[in-house]
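Two complexes follow with chain A in common, the first pairing it with chain B and the second with chain C.
This part shows the complex of A and B:
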């Protein structure tokens, strides 16, 4: 089953810190959002394997936008 | 006692009107970014409108109460829950010792939400205010945003808890949240014809400015202005750019600073002086709207008003934060 890790704040993608094929644990940081001149970590709510990375640095985000797809 | 389980993105102790009287020494006033939402949260739990509460920016606060009390949540709808059940907003609710309140991400409208607690948050006042200045690292709870493990003392409620629970606002009192915020503003001190062209002032009071993602409690950055905005080719003795002037005091909160081509609203924790021109000042009664403006999503327009309308709006807002607004 697939599950997306979504943006929790509006802002810009600072970076994605996982690659396709990586094993991700529940609570692990998978990406970082830049908002309010602060770097805000985005953690996975599920354990799984990274299937797809949907965003890249500087991409504009709104709350709920999918950033990474996991196979769980 | 309120025990913080998850400090979320940025949760601060803030009161209103903040730390007044120290601008001349370089200390901004701080205070609730949306003083209206904090005021209603306080009113609902029986506090004075300016009592210290929690300002929750971005969301994800989780906290547990170590005693029975009454709370109210106002501002953007972060889908708050109490022990996992939906917690109604804009009304006062009794909570028991051991209850846990939890917030999600920002709502469809607005950016900040406020948690008022009967008796307020009991942190020591520093220079007359309980407000946090995060950039200065003073005031509030240890001069910083809250983190897991923090334990906040609560003040003494102003009435019996059973009388303070279940209070609601009258219909029509609750502020209207949007994604396009119209701010009433008074032009000045640096305007047309000396610093800004007539065309530039017309643009300022007609354009819709998107709020840049690099906006926080110190400053809200807006879309850049064109070269035609400026009446001067350079800043003269103030500097090379036409937005430069000799250093002067900034009329915070609410000054629109023109920094290069970028208009920047100077607000809660903003700088108190500098060498850039200021083209308008948002009226006091509309400062709360900036605090609900969502960086990277919402937009701002300015509507020109005079001093009389600004004074009347401030008076009306003060009257709104009274028991007469309760149902």
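This part shows the complex of A and C:
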């Protein structure tokens, strides 16, 4: 089953800290959002394997935008 | 088209492109209007609501919210300046204001750059180079390395010889980014690697240097203006010790802790360093004062500073007008003897942030009330009711500045103004500012840069 990790704040993508194929644990940081120049970590709510990275640095984000797809 | 001004031959700026966003745009437009200079503003798709778009003579959409494609897009900004017939570019603060490559592109396009020379901006973008220059002219720098360290071994060696804690700082860092505190030897390797990777990603350089931790430091800075004829005039100091996350939130002048003799010494250091650099324009020398009363040079900010209104209230001098005069190749219209520092001025920065956690709070402003400016109150902002505060840029919403004969009266006026402000729809740091301004230790001048980190409890410590 697929599950996306979504933006929890609006802003810009600061970075994605995982790569396709990486094993991710529940609660692990997968990406960082730059909201008004403050870095906000985005943690995975599930354990799984990174299937797809949907965003890159500087991409604009709204709350709920998918950033990373996990196979769980 | 104008030729780049290197000889101070003098031209008249008639139309300025303002390469920035937010409150500083309206600030620059005001001086332009007073001088009969036309203004061109640029905006991204996220800033369509900005109040200043109507105040400017022209407003040009330059791209999407992503700052790389709008406010940091050098090619686009120069293109718009040429298309609109602007003859000068004012970079404001932040964004491209201290970027040598932008200044160079502006000058190459035949436009006047309102700021220090592009070559100088490139040189002083290295904090180590600035530290070396200060050292050469006898201005004390925060103890540490004058050159970037060659590798992790140097940091280990320094820690062994001088002890901990120490700061590892990026040679090209800024905005409070890339400052790491090392408290023990076994953390060095990890912290060093992290700093290098932040430096490479954010500033294009992984060079780091070391500074000792100054105990209970106070942030003291000197505002100066320098022309192309070797005149440098100091416009007083500002104390900016009240900070959150290494970023200022309350600034005032004069500082309670700076004595007249200290002030003379700081002015002398400033003049020596500015003349050594061959700097022209407005700028700020940032320094630290230790608990023992020693002052150290920290860095130079080669632009208009966010907190410049404090100095404008104190001196009655329009700093943006000074910048335009200097860019036009004119000598300064005043000397050090003409400058009088009158009364007390204080500024509170209103950020769109949770007042307790400092987590950003973008959103839509549903209701807005700001008191009117008067001779002792000034509010610089770009706010409007029903406007969106976008999540993509700096959280600064407004600067509230008051002036009075003495500090207590100025602080009281600031409290009164902040209490009167209504901003609904986003959280703001107004409660943080009010708590600070009412705090007994703040009122008596007993504080340092860790004030807000220690938690503000009015009257109790």
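FYI, the second predicted complex is superposed on the first by the 72 of 72 C-alpha atoms of A that agree within 3 Å, B and C clash if a C-alpha of one lies under 4 Å from a C-alpha of the other, contacts with A are read in each partner's own complex, and residues count from 1 in each chain.
As a working rule, a contact is a pair of C-beta atoms (placed from the backbone, for glycine too) under 8 Å apart; a residue touches a chain by one contact, two chains touch by 3 or more.
Quantities reported herein were computed from a predicted structural model and do not represent experimental measurements.
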item: Which superposed partner A:8 touches (first chain B, second chain C, both, neither); value: first
item: First, second, both or neither for A:22, with chain B first and chain C second; value: neither
item: Contacts of A:46 with chain B and chain C, given as first, second, both or neither; value: neither
item: Partner chain in contact with A:38 - chain B first, chain C second, else both or neither; value: both
item: Contacts of A:60 with chain B and chain C, given as first, second, both or neither; value: both
item: Overlap of chain C and chain B interfaces on chain A (superposed complexes); value: 9-12, 35-38, 40, 60
item: Partner chain C, residues of chain A touching it in the complex; value: 9-12, 15, 35-38, 40, 58-60
item: Sites on chain C touched by chain A in the complex; value: 64-68, 175, 201, 352-353, 358-360, 362, 391-395
item: Touching residues on chain A, where the partner in the complex is chain B; value: 8-12, 34-38, 40, 60-64
item: Touching residues (chain side chain B, partner chain A) in the complex; value: 9-10, 57-60, 105-106, 213-216, 294-297
